[in-house]
Amino acid sequence: MLAIGVDIGGTKIAAGVVDEDGEIIATTTRTTPATDAALIEAAVADAVAELRAGHEVVGVGVGAAGFVGADRRTVNFAANLAWRQHPLAEELEKLTGLPVVVENDANAAGWAEYRFGAATTARHMLMVTVGTGLGGAIVLDGQLVRGSAGFAGEIAHITAVPDGQWCGCGRRGCLEQYTAGTALVRTARRRASAGDARMSPLLQVAGGDRKQIDGPMITRLAQQGDPGAIELIAEIGRWLGMGMASISTLLDPEVIVVGGGVAAAGDLLLGPAREAYAAHLTARNHRPLAPFLPASMGNRAGIVGAADLAR
Amino acid sequence: MLAIGVDIGGTKIAAGVVDEDGEIIATTTRTTPATDAALIEAAVADAVAELRAGHEVVGVGVGAAGFVGADRRTVNFAANLAWRQHPLAEELEKLTGLPVVVENDANAAGWAEYRFGAATTARHMLMVTVGTGLGGAIVLDGQLVRGSAGFAGEIAHITAVPDGQWCGCGRRGCLEQYTAGTALVRTARRRASAGDARMSPLLQVAGGDRKQIDGPMITRLAQQGDPGAIELIAEIGRWLGMGMASISTLLDPEVIVVGGGVAAAGDLLLGPAREAYAAHLTARNHRPLAPFLPASMGNRAGIVGAADLAR
Amino acid sequence: MLAIGVDIGGTKIAAGVVDEDGEIIATTTRTTPATDAALIEAAVADAVAELRAGHEVVGVGVGAAGFVGADRRTVNFAANLAWRQHPLAEELEKLTGLPVVVENDANAAGWAEYRFGAATTARHMLMVTVGTGLGGAIVLDGQLVRGSAGFAGEIAHITAVPDGQWCGCGRRGCLEQYTAGTALVRTARRRASAGDARMSPLLQVAGGDRKQIDGPMITRLAQQGDPGAIELIAEIGRWLGMGMASISTLLDPEVIVVGGGVAAAGDLLLGPAREAYAAHLTARNHRPLAPFLPASMGNRAGIVGAADLAR
Amino acid sequence: MLAIGVDIGGTKIAAGVVDEDGEIIATTTRTTPATDAALIEAAVADAVAELRAGHEVVGVGVGAAGFVGADRRTVNFAANLAWRQHPLAEELEKLTGLPVVVENDANAAGWAEYRFGAATTARHMLMVTVGTGLGGAIVLDGQLVRGSAGFAGEIAHITAVPDGQWCGCGRRGCLEQYTAGTALVRTARRRASAGDARMSPLLQVAGGDRKQIDGPMITRLAQQGDPGAIELIAEIGRWLGMGMASISTLLDPEVIVVGGGVAAAGDLLLGPAREAYAAHLTARNHRPLAPFLPASMGNRAGIVGAADLAR
């Protein structure tokens, strides 16, 4: 039984035909038509039509950044796209004639890791995506946790530091301000700007312009052994570990899967995260410690997870 | 179909026969025999035998403070009783001949509120018990969340303040150190000890001895309009609201039920909690705000919830 | 004995002849010639020449934003002007033929309040200027505290919140990020952006564009009784009081003088500041509480203080 | 010109004749007569009489724990002794017939380091005593800073963590709760109690009883290379460095002298302190970094400083 998964990103729509083992057997892409809802839907429908030509599919799963209603049919709010209380599933069903399920993109990716990736042996998973921002997905007892109105899993916005760094969400001290790519780069730039000698190698690589410092540059230097870059990633890792410890206190996951661009730093990130997690988890000597596992599905996760949810 | 619920407390074992509507139709109690596991089991079995004499029951549900395994049969660790990896269900089944289910006491109470109390119309509930300490229970999509090893729902030990007040659990800044009866009384005593004039009426009621200040005294004064006592309870309420906002960011509950001794302060506690919750919940203008409801089952919750889980 | 005081600001150079009672008996201004050190000096010399024409003066005092050396002759670093290890006093003495003393502008203004303004009866004064940023001056036992290299009095950059809001200085959680005009406006805009209903009146006055919210707008609304604006200023006041409590723990001042644009809010700012100060000052029931007094010298403080230091 | 210095401790009164070079040429001790003010004064007078027998002295300086008035004659409050607004200098002058100066004991010790010890080449000194608690003394431009009512220099009670650990002073988050012997031991015990494996060697040395863990034990293990003990002292050091950075932002000292029992750990403490200091000091690339120097006067500091202040 095949299904189509669609991952609507800010610049690209990626779609694929996915089999029951989570393998993608055909793919196509479209450019995201800016912020016009109807054009986006047309592009998705077009991609679906192309993929259906060669395969018999039972439905379409769509992953999109934004708050998706608990019914998995409506996008209530998206920061980057034009949707407000938008009946995305209904519109796409009209255009495609196939049953459509909509899911938050981080949830879709987390579901793929749970079903086919790093967490296949677990029943309870916490997935965290450390990219530019911080994304999350929670699976408990085999079910994706969506909450009463679809807002569950927003781990970016639990409070890490009362009265801490302002967040784009209008509140202070959100975890995302301490452990994500943006936090990593901001810390590096601020320290460079303050004349911190440990940032000198990084600043040199950036051609002396601290605004040229970016995440991959920090990761690369860290992997080459630069102490300043290692320290920057370790700090992100410690906050990640502390945040996961608070969440595990609530949810007691079996495994913690870590994906996203910053996770490319591997154990430079995960080592400090594991250590901070152990130090901050309550009752740690009476319980198993959830392992931190690297995500294994890569960019495919969004398509595969969305497709699987459509079956 | 009747079931027996048993609530094993530090000083008292309370048991009752519970019907399918959550009504208790017969009760009995025993004194808790200190820390001897076999004596406790004998006392429970004795209470069960007494209750069975008059009613046909299908099983026994037991609520106990401690970490109960995900199989609901084993108590892995209890702070106040002698259990370590103890097969409580098996032992009680031998003694009673009935099927036995064990559950953490806060979970049992939360389940009672979900099934028969303040949250009967909801599918997703967060229950918080603000007593001497802080207890919690999470129901998502009609299921009690227990986690991979039974440790879920420990809301007392999410980190509220990095490097904050030391907690009995060996870590710093746990939410319980900011919003529970112990925190309430400690704040009052510390401020009285520092000569804070707003604590004068309270100190006077305590006969001038700050060690005599207790929670009910503070609640009583607050209900009489004393500004110092009102401020103390409001502070507890604000931390409660902030903590619940972080948890809601993760779990998106439909309602938040508040029980426990400190909750007797009613809106003096819940008013500031609601306000802080709204101020600290991410995306609050795109989502419904979960109401804070007072628990309605009172002391019966433990027995009723445990019995219902045994059915 | 008359002296000339000069206040070099980012856009304007203001100068005046000041008598021994701190009265300004003649003034003149020049536009600040951007960032060219020689042009700035020529403009200062020109203003001094004009003022000397009608009055016999014994010297020139210059106040400037930046780190001034302990010898009061060199500007070691200025964020907004071109000086780096710049011998400002020497250059101006060459141009004017008068003895010149250089002082940090906040110190000069604080000295004016101490000598002729709000703190004339005290020997130990803490002055804090709550403007766009946060400035400070410390007088102990009648002496302006300058430190071993002229860096003393930087109250803006004591740490208020570990791991808090990033500061332009390259560190986190500086007091200035919590109590200054910039913090006031940022909080208002962030809360407005998050859809906080209490910010609605403010947002309306700003024509619906949160980027139009500024400090005077908030103060005006607060003075008209708007609860949201009052709350914003009170929050700034509480952080001010907490910061001053930490500093008083170190320095035990007799009075605390509060100046700067945000201080125009009067008791809307100072009331919460006094309350937080009392709550956070150690040993407060064994000691006098320093009063918070509004600054009384206004814009003249810079000129008057600089002139007095030159005598 | 000789003077007598007296150090009134909780259990012992130590006195000595001190010459102008800060050398002690004769000493004697008495047991502190508990909490009776008259008995304490008699014991001091008795020690003074003994020392005067062999030496001609010009006055007596007395160091005592507590808040000493700005006139250096009155003890306003002492936590451990019976003094409340007590005219200690006057009483001792009656008994001895010599001029008497009273000073806070930490101030007296700091003065000794400034005059004869680690800071003799500096004009601006910050002294911090890391013992069971945290003491401090500030010398600016050659003058001991006493504040308007004698309360200056209480570095123990600046706020390190808003809403942090409760302090005996009735407030939260005081620096003393993060960097002092009590904090060191408490952290070790709490971590041991939570089953932290890094505390195992320490717990073993303590015979398995975490209440037997004390400061010298931690220092000894750290000096032997135990990673857990090294980490405990480093944490104290980091908080020390952060606290000193905030104070230096205000006062710009030339040197920072570190004394007290915990300072026996040497660079295990001072290394992390220096690093945190550099990381948290504002404008650090535009200014000299004050060195952290070990105190050099040891236990003699109290007597020598008090005597010197009496001259």
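In this document, chain identifiers A, B, C and D correspond to the written order of the chains, with residue numbering beginning at 1 in each.
Rule of thumb we're sticking to: a contact is a pair of C-beta atoms (placed from the backbone, for glycine too) under 8 Å apart; a residue touches a chain by one contact, two chains touch by 3 or more.
Computed from a predicted structure; not experimentally measured.
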Most remote chain, CA-based centroid, reference being chain D: A
Centre-to-centre distance between chain D and chain C (centres being mean Cα positions), rounded to whole Å: 34
Cα-centroid distance, chain B relative to chain D, in whole angstrom: 45
Averaged-CA centre spacing for the pair chain D and chain A, given as whole angstrom: 52
Sequence positions of chain A contacting 2 or more other chains: 161-163, 169, 171, 194-196, 279, 286
Overall pattern in which the protein chains touch one another (line/ring/star/complete/other): complete
Chain A-facing residues of chain D, complex: 162-163, 194-196, 279, 284-286
Residue ranges of chain A touching chain B (in the complex, touch as defined): 67, 76-77, 122-124, 136, 138, 140-141, 143, 145-162, 169, 171, 174, 242, 245-254, 279-280, 282-283, 286-288, 290
Complex contacts: residues of chain B adjacent to chain D: 161, 163-166, 169-173, 178, 186, 190-191, 193-196
